[in-house]
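Here is the structure we will look at, set down as structure tokens.
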């Protein structure tokens, strides 16, 4: 798949948060086959310099870095954060999160759209974290986004695809836009389902980082994403309401 | 996994019916990694001898053969068919199907149980195709079965796991019995979901044979089954009703 | 509706267990409009005679009494219990429960069928508590049952219709047999849904008895059952996958 | 319930479109018990004057009239339409629809918000047709709306509550705001479910108007809405994952 | 003789089931009976003689779901 | 002047919106009006003079969902 | 004698099942047999004499799900 | 002057943002800066003079989801 002119061999992207240790993070990224990882910014202490060490770990992974604007609640905050991220991580990519609700961490469509517009005009390549709302998606595309990141379910919920009908509508409405399901994926079967529905990639974090064995779970998600993509291309059967026999009935012994 | 003392490296089993050609069947089995395929019996013509040619194809695959009693509607029919299958295919394994309803091809618990009892006593190693019914499962185990094959959904329906609650109850009730989900699987995500729920293997046919590209779909299912199994072992996160942030909120810039 | 020659004006039947007090039970039955209530048997103390007082309360309700065989785990127990119930409650009706699994309180299809056969031959009018299994249903009808009581979900779970596909198949397979959804109903919407699907009546207990306000909940269920039945008769619209406008679009102002 | 200072005895509101005849419309409104009906505007022919006759029918119903802005695709169109509606129907109430997607007839959150703001400032009492999006809801309330009308599913789809989790979040987030589920309701059980979830009222049209027997279906929905509301107030039981017996097990005969 | 009534051990002399019920205080009660798991109808209680080791069930109406 | 009324072209002389409505036969009808997409209230129709190219909407009640 | 083989009527003389199979052209084929619904094993075919009215099934491998 | 750095109050003399960073010990660190909520690029730090009451943010890489 291509996003903003970059060709990716893997359709799985990983967050880097919440891992038990840097070593486990590194192993999970490697097992996942991910070529894109998300990172963030925080206040850096001059003495501890925790961020500098983390950044070295990420650079050693040799993957594309997708900074996010997690925690921002307004377009203004998100825009400033994006600019700081561009300088720190030396990339025009930005995963644009503008949170509108403390409980569900749902994106704010109004602030998101405004930030997407400003950042796109400023040369950013915006990956907006959005809902399944078709109209918001349309506005984001008009604002200059070339990729969409609809949620599967609220961040960290692990619920999978909470509104399959809405996601299917979104996928159908903008068939040619690369879409990455971001947030809410809890199990490999969720990821496979999203890929079977025609989404282009999966971004997840909690489901791997908080699993009992993160590296093994990363491998499981890698397989599931590949499985779902392959199934999409292999033209699956339709579900039927009534049963049909899979073993031919002609030539049946004991038939009269 | 072990079934009747045989160790299997693959947790995917394939039906051999409905493929566009013997070549596609062969390629699909190879791509799937399956070590077990199901076969059946029909009236053989002395001149055409179609069965002899098919049998050679199967033998060339070098896999375990699991004959079925598809199309049987009584214990008596199923028992005679099983005995014929044992002679033809030179195996004690029998996938015991006794159909009780023409519309849904649902198993008949009464005839199934009787056939399982008689066949087990006669030295067969019975793989009974059954529903998610816990009580029927208990009776089948008492009748001598050491493996269960609960349906996911009606044969050929492609609906996936039609009654997840019932299947989860069954899995929990007999935690140590090898269980193979048989029938109803339409997509790799269905197979992954079943494996995540703790089922031991998947048997399917229509979803691969009738896909646009059966061999590619076989590969997709192979990955999905491996993904689901790996996830089960890696201790997945629980789904949550309310969202939690996946990016740490301490050290947030712009916090007061 | 008619069951065993008795015409019922109400399609809601109530269990009599678990109410906070006899007065609440009485009020709930009255508010529900139920014409059938279920009762049971237990060891009676010669001194306390609790059953005698309860029986007077039930008789004062002026409704049909449907004794059950709750707690029986074999055909033999159920048959003896049914005979004792017939004598105590002076009715040929018996709600036949033969439990096969301690966890889910699922019916045992084998023992149930045997008890149904014996009791039907002995002049009982059997209301068998069964699953959605079509083959078991067919056997129960052959055994002499003229009514079926498929579960919605496990007893007391309040989950509603756990397997709508299976229940719909059962309803379609035996279109002319009176079927009462028994067990698992938690909310009035569940009851309405079952009636919309074409089931003939609802039997419930826990959802009313354990509600904060049992009498009010009884009234709610009465309305819901009537609503679902009326909807079934009024020929509902089909669900559509894509939206269509409900306000006519011709004559639209501002159209070019 | 109270909406904009008006006390309503009925929690069911009806659209007036798509009925087979004015007589059926009248009967359906009467059987539904609705005290609010929605109406619209279209180009009126000086000679045919169809609108004048329709208006007389509605006035004869003696109910509150809630004009909509159906078919509008921009804030500007919706604002002009609302002003025309206020003059024609002599009410400050306006059901604000601004459609953002031709396929799903989904509301456009951006135009909707703008129109709601302008109209609220102009003295309108706005009933905005919106999605389950919590952030959009918050903006609409800030814009002056005192009622929300979230969709159940796309207009005319009859799918019921398409995203129960999202609707439940919305309900919880703004517990004190009157919310009317508008669009997508197909069956009385859907309406009851929405009321059980704590929504305050139901607005529907297609499910009644296009039913085989609209008047009977109107009666069914009336009962269902009352049932769901009563259940909400009567404190329903929680669903349980595992079954519990509803008949007491102490005093069981045949116990050892 | 040693029997059990509703699960509790009892010592009784030679008696019919009918007499036993009366002796135990069930006169006038609406109850049903089983002996050793088999139904014993009210009309047969007079002829039903209690045997040593019999397990008697005496049940009455109760709430049911 | 050439205007459009409810999407149909019309040739009219100098006129107010009120006079136009009467001329077109809407007397006594419960309708609302917009000119070029902006609401024109009933009370303002007398002072609203029609301009060449105006797009007039005249709407009345209809069924709605 | 009149028998049926795989559902088709056949006229045959006195014969064993083994001879019948050879006569019908099944030599060397991997097939299993049933007579009147009961399994007839390969090793028993020589001793299994065909009776008038027998229903013979001769089955071979096929695709299965 | 009294300013805040990453939310903590600081007393500093007249200084540029660049000098402040060096003074605080961030030399060589990969960080980005904002002053009063607006991005201050690395190349502009030398010309950015700190004002009394300024709120300075100094951020570095961290894990993100």
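Each chain gets a letter, A, B, C, D, E, F, G and H, in the order it is written, and its residues are counted from 1.
In this section, a contact is a pair of C-beta atoms (placed from the backbone, for glycine too) under 8 Å apart; a residue touches a chain by one contact, two chains touch by 3 or more.
Because the structure is predicted, anything quoted here is derived from the model rather than measured.
When the contact pairs of B-G are matched by residue number against D-E, C-E or B-H, over half are shared only with C-E. Look at the CA centroids: the one farthest from the centroid of chain B belongs to F. Chain pairs D-E and A-B differ in how many C-beta pairs are in contact, and the one with more is A-B.
Chain A and chain C have Cα centroids lying 46 Å from one another. Rounded to a whole number, the gap between the C-alpha centres of chain A and chain H is 33 angstrom. Averaged C-alpha coordinates give centres for chain A and chain F that are 53 Å from one another. Computed from the mean C-alpha positions, the centre of chain F lies at a distance of 64 Å from the centre of chain H. Taken residue by residue, chain G touches two or more other chains at 6-7, 34, 37, 57, 59, 62-65, whereas all remaining positions touch fewer. Touching two or more other chains at once are residues 15, 17-18, 40-43, 68, 70, 77, 84, 103-104, 106, 155-156, 159, 205-206, 245-248, 251, 253-254 of chain C. For chain C in complex with chain D, the touching residues are 15, 17-18, 40-43, 68, 70-72, 77, 81, 84, 103-106, 154-160, 183, 186-190, 192-193, 196, 205-207, 209-214, 216-217, 219-224, 226-228, 230-231, 233-254. Looking at the complex, you find that chain E touches chain D at residues 6-7, 34, 37, 57, 59, 62-65.
Residues 100-101, 103-104, 106-110, 113, 131, 133-136, 138-139, 153, 159, 162-163, 165-166, 169, 172-173 of chain C are the ones that touch chain B when the two sit in their complex. Residues 15-19, 25, 38-47, 49-52, 54-55, 58, 67-68, 70, 76-77, 79-80, 83-85, 87-89, 155-156, 205-206 of chain B are the ones touching chain G in the complex.
Residues 245-248, 251, 253-256 of chain D are the ones touching chain E in the complex.
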